[in-house]
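Two complexes come next, and they have one chain in common, chain A, joined by chain B in the first and chain C in the second.
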Partner chain A sequence: MSALASAKHPYIEALLQGAEAPASGLGWLNERRAAALERANALAVPTMREEDWRFTDIRPLTKVQFHRAEERAHPSMAEISGYIVPEATVHLVFVDGVFARELSANSGLPYGVIVAPLRTALQSHAAVIEPHLACHARFRDEVFIALNTCHLRDGAFVWIAKNQQCPTPVQLLFVSTQHEVAAHPRVLVVAEAGAECTLIEDYVSLGETVHFTNAVTEIAVGENAGVQHVKLQREARTAFHIAACAAALAKDARYASHTVTLGARISRNSLNVAQEGEGAQIRIDGLTLVSGRQLADTHTLMDHARPHGRSEQLHKCIVGDAAHAVFNGKIMVRAGAQLTDSAQESRNLLLSDKAHVDTKPQLEIFADDVKCSHGATVGQLDQEQVFYLRSRGLATEHARALLTYAFGAEVVDRIPVPSLVEQLERAVMRETKAGVQL
Partner chain B sequence: MIRDGAKVLLEVRGLRVKVGGVEICKGMDLTVRAGEIHAIMGPNGSGKSTFAKALVGHPAYEAVAGSVVYEGKDLFAMEPEERARAGLFLGFQYPVEIPGVSNSAFLRLAYNTQQAARGADELDPLEFDDYVRAKMKLLDIDPGFLDRSVNDGFSGGEKKRNEILQMALLEPRLAVLDETDSGLDIDALRVVAGGVNGLLTPENAVVLVTHYQRLLNYIIPDYVHVMDGGRILRTGGKELALELESRGYDWIKAAA
Partner chain C sequence: MSTVLENLVNRPYKHGFVTPIEAETAPKGLNEDIIRLISSKKKEPEWMLEFRLNAYRHWLTMEEPAWPNVKYPKIDFQNIIYFSAPKPKKLKSMDEVDPELLRTFEKLGVPMNERAALAGVAVDVIFDSVSVATTYKERLAEVGIIFCSISEAVREHPDLVRKYLGTVVPPGDNFYASLNTAVFTDGSFCFIPKGVKCPMDLSTYFRINTAESGQFERTLIIAEEGASVSYLEGCTAPQFDSNQLHAAVVELVALDGAEIKYSTVQNWYAGDESGRGGIYNFVTKRGLCKGANSKISWTQVETGSAITWKYPSCVLLGENSIGEFYSVALTNHMQQADTGTKMTHIGRNTRSRIVSKGISAGKSNNSYRGLVKIGPKAENARNYSQCDSMLIGAKSGANTFPYIQVHNNSAKVEHEATTSKIGEDQLFYFASRGIGPEEAISMIINGFCRDVFQQLPMEFAVEATKLLGLKLEGSVG
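And then the complex of A and B:
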């Protein structure tokens, strides 16, 4: 407990309330939590003076005193059923950061597939978890990852054994219900060699509450394994959402990430993909659709550490009203990562004069035989396209809405879950007001 | 077909049009009646396409003098979409690519907008699918067009066929085809000709803007107008096109 009192930053100290978890009985986990606590105490809340946060002002987050969730009755199945993806017959639901067994479905899984709350998995599968948990998402210099790690006691665990396949997508649904509550969701996915799975990580709010989600996800993709990862952030526009995902890829692994950011007042989504084996293939798609006074920051790092890696990234932002989107995409090609083939594209659409986007592609290349490209565009709708549609009788606002919709649909249409594509297309339509005519 | 007493669809008087501050059309006069086919010919830069774009209200083309009356209404008091809903159609010289918008959805939207403007029934996606496929079959257009994004990755000929398909679906009162025949092989040219000939009734009219006499082997115009320097210099019958083909444009400039 004494460690808690020594937090350098009073705000961090407040967020550490509730982190004093009982010893887990697993020495390695206690050690990692203690190390994270030490870092949380030492680190401060990042400010815009730091390069990594220079476009993202999170002061509004620090003005709210968050507390632990109270023990209350969970929402009913009826209240959350609209969020359950029909294809995901396997789903774990968490309410204000706590596993809700009665809302979840994880029975009938085939041999070699485990989808379980982390708390129980730590007892049954510690040997599988130990090499990964809190190893990929580095908390040394990241205060929010450190905070999440010292709160670590529950979360979601997905494990696919060697050469096994999870037959349906797995949905992890994190529901926030309480006002001024901070939750620290944790996800660990381990796909052993040759395994395949599709994961849907989904964050929603019930009601317009001010809450803080501080999520950390770790994904280990084994040799020649494939993980498709959909991250959907559709929280209330009063919420704060800070998330870090770290994926580690072994030789010939395949990882595809589809991130859609619609919600939260202030959000920050970090994705670090480490290509730790030769010949891994990575696809990173992102769509940020914000309006009002929302701020959405996406930071990605594509780290090619071994030869023959291939990565392709498309990030799109549609920014309306006085909203602000940030994209920082770094491609790192380390010495020895020869024959890397990496392409990154950042495309941004501004729907109003006050809308704002900061996009910053970065290449750092330390190998001499590689193919890397990146490009960024920021613009308004193409006036020739608008006119073409008007010349066929469409009203100007409908033409604009249709074109905005099409811009976003390119990312949504690549999501490997049909009902989600349909649902997100509707959401994009609603946002862009294209629904009146499609 | 020229008929005495046919209704005037379009009356252009003394039209001057500026593009980027430069006057390109310098006093156009043209009268188009129901049932007629007009061909506007002329060398590059004579103002043909500028005239066509100004008619449909492209924002970069500014009418600075003169008048255009369409079916008794001041055309320049109407927004581009209002002109379209009133039955004015432009077949684009360079049709615009719209990635992400499916051609079938686009065609249905355009069609239903037109139907609504005419007080006719709109079609749901299934009904429309039957309707558009029948039209495509008639015009010999590949049904694979429907599943692609609007003009996205289409070849030049495919784009022009898609324009003709839109014209056939929208059944305009006045269709202006801006160099729809340029760069087309003979099969695509037949599609264009088939579309135009299939559209014509005694109630509507077509204005073909073209460089080449070739299209006029398939579509017989009632009038041929020769433009140069932003004006119509000479108007004649279909034989004028043949004369242009053999003698070029210079003799008309000299005569003017």
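And then the complex of A and C:
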């Protein structure tokens, strides 16, 4: 790992500290990490001059020098139990990017379901991991994915064997506790043909620390398999969160994603779903609820490469105070992906004068027999709806709060985990102040 | 079915011919001396030369933009003739116009005198960068309208030109606008004084003639308080094998309560089936709604050019001002289009509407790229955008890139886009009513584009409908 010294960008060089892990016994993994390191050295931190980062100013991130987590006592079970979803009897907890065995529970799983730290899984299941790990999340042009891949040593691994079902949702909880620490969590989910599972990826902070989460998740959905993916980002408002998720769908696979972004000072969530087999179905929902001076950026790509694909997306942003929300959603229909049916909606609600939204839904279509549409709206609450509620005796503020809550609840209500729906509804209510006044 | 379509699409360019007219041509290449030559040929005042030279010096520091979704070989700006003009002759009436030129127009099916008489249109003919004849000038002069070539305006009305030129598209605005500012050779100037409604539609007929002469047109239209004007621009070009660059700049200024309607039908040579030749149409068009209650409306029908790259835009500065953009862009064979609009809302209660229809056939690539920007002071701004794409054939591409930036929470912005194709079942339905595929396609396309065609002046709408039919002959299956 002598290539470290040649990093073009001193900031990236610093983030690479700690990446010089001992070579694992797996040749292919060493190769992939070396390739990622080469890219990390060659790439620079993106600026607003790049189209993909045009509206997202990450300079505040580069003003903090992050370092590796120190070895410290893990938080107690009591401190994190509030974050564990009751339905998720199986959960893995990571503290500052490192697996915390004493806080996790992964026993009693049925045959054919494995939920384990990646480090141990690499020894027992290398053959399953090799075709997927660092193959779906491409690091060639993405410095943050490259960085994460360089640091790849541990993470979460979920594997569902052919035609098996994971009976309960699996929660992966990433807790950040230390100040000015960069964590690079990694998740790999492999659902073999006909398998089913529900995954909850959850990012939280203990205390108002300035930390940097650079997460990468890869999900491979086999033929006719189904994965429901809930991603919650509820980190401290002082944190930085950059996450990339790549999902690859085989023939007739189903993938549903529900992303809720509430926290972090600056966050970027990119989700690339590649439909690699015929007839795959994609559903992407997103809710961004930001206020103060938060910046939340969502980039999604629904990439249709094969015929008969179906995809649907609903992304909502509620932006208060001087916050800034960015949405960039692309529907790509490649040549030959005939009979694709794709729809995308971006709905944005501005709650204050200083709040602002940049939205860019995109269609790129290279097949003629397709049905694709997208819609985007930006605005404030419908005056007629406010008037209706007022005519029922609600004060203007109550009416507005209630409508804002309902706007967000549409996305939350579709999450397949009841206790999470309840928890998030409360969070939305708190944020929109609807609960206080009713 | 697909063969019918292919035949339809593959019609050769009807308007391809070169008119041999003696041209006075500057040597190839670009430097300060060439700009001085252009300026002196045009007998321009000193400030104009300074204006050009400043733009040129700024241009030297700029880089060619690479963001559009189009591909073309690098342009050698030193391999272009920046000035070519028909030999100067004094013209008193239409009869004195070069008969060769008149024949060109006849071949195009728009004989100038007939067109002028029948349609009641004053045509400012731009033939290779220099205005040859301007008709109806006197009738317009009666009501105080100035309609002449921009070079004439620089000489005759320097104060007006100096006041407005470069205020909407500043000399350093973008790479091609700077280049245009440095070397523009001709174009139209139109000034509608306070309270005057222009009695007729004004029109320029563009032609690109001498091989490898880049055209750098400059158009400036000013409507004073309460004035209104409808301006038409139509284009055809002869068939050439080497690419021609066209980098025009159009500036519109509307003061309080003024209204400008700018319509374009563009049918330049698009290159042959394998994509050789054809015009590069890199244009900067922008209108400034400077006054309250002003309105600027762009309508365009883009069917020609190898590459079309333009975004007619509106800057809505005045309160209650309105911007509109109606567009039909059709691409076939290897054509590429990256076109759309920018609506910049600055003033209160500003409204804008975007209707864009893209049709891609053959191996062409058609992109809509639009920006709707609501500034922090644009209270109650309103935008509605609709962009629909239609694909004909499995090898074409249609893209939509709308950018929406909202900095004011009282604004309401809506955007909708759809993509579809002409379906077998639609054609079958027509067939069952006894309507053949060609006619059916023409009807479907006309229905698809109707929202835009309705905005065109009558004679243009007829021409546009025919043009689309012609362009698409043989392309549905």
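Just so it is clear, the second predicted complex is superposed on the first by the 435 of 438 C-alpha atoms of A that agree within 3 Å, B and C clash if a C-alpha of one lies under 4 Å from a C-alpha of the other, contacts with A are read in each partner's own complex, and residues count from 1 in each chain.
Everything that follows uses one rule, which is that a residue touches a chain if its C-beta (ideal position, glycine included) is under 8 Å from a C-beta of that chain, and two chains touch if they have at least 3 such contacts.
Bear in mind the structure is a predicted one, so any value in this text is a computation, not a measurement.
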{"item": "Which superposed partner A:Thr120 touches (first chain B, second chain C, both, neither)", "value": "neither"}
{"item": "First, second, both or neither for A:Ala335, with chain B first and chain C second", "value": "second"}
{"item": "First, second, both or neither for A:Lys371, with chain B first and chain C second", "value": "second"}
{"item": "First, second, both or neither for A:Leu363, with chain B first and chain C second", "value": "second"}
{"item": "Chain B versus chain C as contact partner of A:Leu403, first or second or both or neither", "value": "first"}
{"item": "Which of chain B and chain C A:Gln65 touches, first, second, both or neither", "value": "neither"}
{"item": "Superposition-derived comparison: chain B or chain C, residues of chain A touched", "value": "C"}
{"item": "First (chain B), second (chain C), both or neither touched by A:Glu51", "value": "second"}
{"item": "First (chain B), second (chain C), both or neither touched by A:Ser76", "value": "neither"}
{"item": "Doubly contacted chain A residues - partners chain C and chain B", "value": "none"}
{"item": "In the complex, chain B residues that touch chain A", "value": "56-59, 79-81, 83-85, 90, 92, 95-96, 98-101, 105-106, 109-110, 113-114, 117, 149, 166, 170"}
{"item": "Chain A-touching residues of chain C, taken from the complex the two chains share", "value": "67, 374, 376, 389, 391-421, 423"}
{"item": "Partner chain B, residues of chain A touching it in the complex", "value": "382-385, 387-396, 398, 402-403, 405-407, 409-410, 437-438"}
{"item": "Residues of chain A touching chain C in the complex", "value": "51, 55, 335-336, 338, 348, 350-380"}
